[in-house]
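What follows are several structures.
Common to both upcoming complexes is chain A, partnered first by chain B, then by chain C.
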Partner chain A sequence: MKTKGAEKIISVYWFAILFIVAAAVVYMVFSFYGEPYDVRGIETGLLVDRIADCLNSGGYINEDWQNLDESNILDECRLNFNVEDTSGWNDDQYYIEIEISEFNSGKILEEVFAGNRNLNNNCGIESRNFPVCLERSMYSVDEENNQYKIRILSVIRKTEKNVQ
Partner chain B sequence: MFNKKRKVSNRVQIGKKILRYDSSRHGQIGETMTWIVATMVIIVILALSILVASLVGNSREVSGQDFQNKDVLASKSFFSYLLTKDSGGETVYKQIQSEENLNDFNGNLGRDIFLDFYSKEYLDMWVGLFFDRTFNPSPSNDYFGDRPFEIRVGYIRRNIPHITQEVFLDENKSLELALKIEN
Partner chain C sequence: MLSIRDKKGNILTENIIFIVLNLVFITILILFLFTKVGSAAVLEEKYAKEIAMLINAAEPVMTIDLKMDKAIEKAKGEKFPIGEIVKINGNIVTVRLKEESQGYSYSFFNDVNAIANLETQNKTSYYFVITEKQ
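Entry: the complex of A and B
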């Protein structure tokens, strides 16, 4: 039969174990959910898809592609590079680059840039703390059967929100 | 006389008590060991859980491929490819519809477009004419080879995950672009 003293010790032990388990669960939850989701990979993909939609419709290249430039590309493609006012961001978290060239010769016909050009310098660096870059290509034709290669590069920084 | 008897019985009682304490000490040590082992097991399980949670929590990168069931750029390239005309002014779509196979012009053009643009992004790809898929699930052509998106073990067929874009020529025939995303 257990004495009263032993029962007290066991109660203290149980409370200690309970506290350890609770603390461990809290720590696990924080370590699992505390890290933000890095969705920049998806975001760059969506940006490229949006630009592709804007440049190619129904299989044909946009008729006004020769008039696209830095000043109108965002309006033409209905893009908005404004970002939330956080971590000293100054609407400089995005960069896009579009290059339209002849499919057969590779001669560059048009280059359009928009956003923060400095972000482009960090492409190729494999680290979570650097901007995420995505470069993809697309084939297109016009009504006169001219063939084009369209290269689209999208870069997104937003490191503070996606990586801790 | 009476006192003497009392003294003897006391001694016996004291002796019994000593004996009782001795036998319970072994039990106490065993019980303590059980508690210590149980505590160690709890701590080890918690430590492992914390380790797993922090390892899984660190890799929280959500990539586009996790949800990918279509490729906008590849689809657009495919439609533009079908609208491309040869020197006679006939579109690739019409050529394949009439010849029911790829020819030199559209086969090589398809290779130039899709292998050049998407071979680094996908494990494999196939472009071609898909006839009755129940009886011919793995068609082939000279430019893209066999359609490598189905494994057959006996009568069991298993589809390999891939993205497709299809344009139907009629009820049974379709032109397909298939991009393999997993082995």
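Entry: the complex of A and C
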């Protein structure tokens, strides 16, 4: 049979356990909800989709693809790389790279870049504190049945708003 | 000398106090969780990013309806005008749920005109009209 003293010790242990559980829950909640939602993965995917839709329509490559360059790619693909004034951002949070090559030979016919080129250097680094990169390739043809490979790379930084 | 009935009474009282304390503890934890999950700052960020992603995926001459009942409830609780929760300035979405808050802003890359309007019938959602930039 338990004595009164033993029961007191058990209740002290019990409250110690409750305190530990409470501390763990508070810590988990703060670490989960204290961190921003990281939407850069979705955003890079949407950016690649937009560029793909702009370069290719119904399986055919855009007729004006040879006229695309750094100065007109944003207008042609209806893109706006301005960002909110926060954490010293200076409209330098995006980077896109488009490479159009012959499908069979692999010869590069056109390369177009836009945005902050420095972001490209961080691709391949596996860390949440670095920009998110997404590369996709697709096949396309023109009216004369020439075959092309289109490679699109999109990079988004926005680290301060997506990672703590 | 204590009778059997008295002994049972003591055990019951101790157990009830113990259970009540545990329930109080669990209630406080749950309340804490709900306060954190539904806080204005968390909702502002969630909706600002969600709206920015929706606009990124949209094409001109689209209307997007977004249920924002949680944000609207929160704004009502904070006595903030519900028609001013979402503001779109250029390509920056700002969601604000409290008078004393600066709101949360997030940019979208889709170069379109986006206008945010409160659904006036049920007042639980916002709709976004996407049009081509002139």
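We adopt the following convention: the second predicted complex is superposed on the first by the 135 of 164 C-alpha atoms of A that agree within 3 Å, B and C clash if a C-alpha of one lies under 4 Å from a C-alpha of the other, contacts with A are read in each partner's own complex, and residues count from 1 in each chain.
The rule is short, and it goes like this: a residue touches a chain if its C-beta (ideal position, glycine included) is under 8 Å from a C-beta of that chain, and two chains touch if they have at least 3 such contacts.
Every value quoted in this text rests on a predicted model; they were computed, and no experiment measured them.
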item: Chain B versus chain C as contact partner of A:V26, first or second or both or neither; value: second
item: Residue contacts with chain A in the superposition, chain B compared against chain C; value: B
item: First (chain B), second (chain C), both or neither touched by A:V39; value: both
item: Partner chain in contact with A:Y139 - chain B first, chain C second, else both or neither; value: first
item: Residues of chain A contacting chain B in one complex and chain C in the other; value: 29, 33, 36-37, 39, 42, 49
item: Chain C residues within the chain A interface of the complex; value: 18, 22, 25, 28-29, 32-33, 36-37, 39, 42, 45-46, 49, 52-53, 56-57, 90-92, 105-112, 133
item: List of chain A residues in touch with chain C within their complex; value: 11, 18, 22, 25-26, 29-30, 33, 36-37, 39, 42-43, 46-47, 49-50, 74-75, 78-84, 86, 94, 161
item: Chain B-facing residues of chain A, complex; value: 13, 17, 20-21, 24, 27-29, 31-39, 41-42, 45, 48-49, 52-53, 56, 58-61, 128, 136-141, 145, 147, 149, 152
item: Residues of chain B that touch chain A when the two form their complex; value: 35, 39, 42-43, 46, 49-50, 53-54, 56-58, 60-64, 67, 72-73, 76-77, 79-85, 89, 113, 116-117, 121
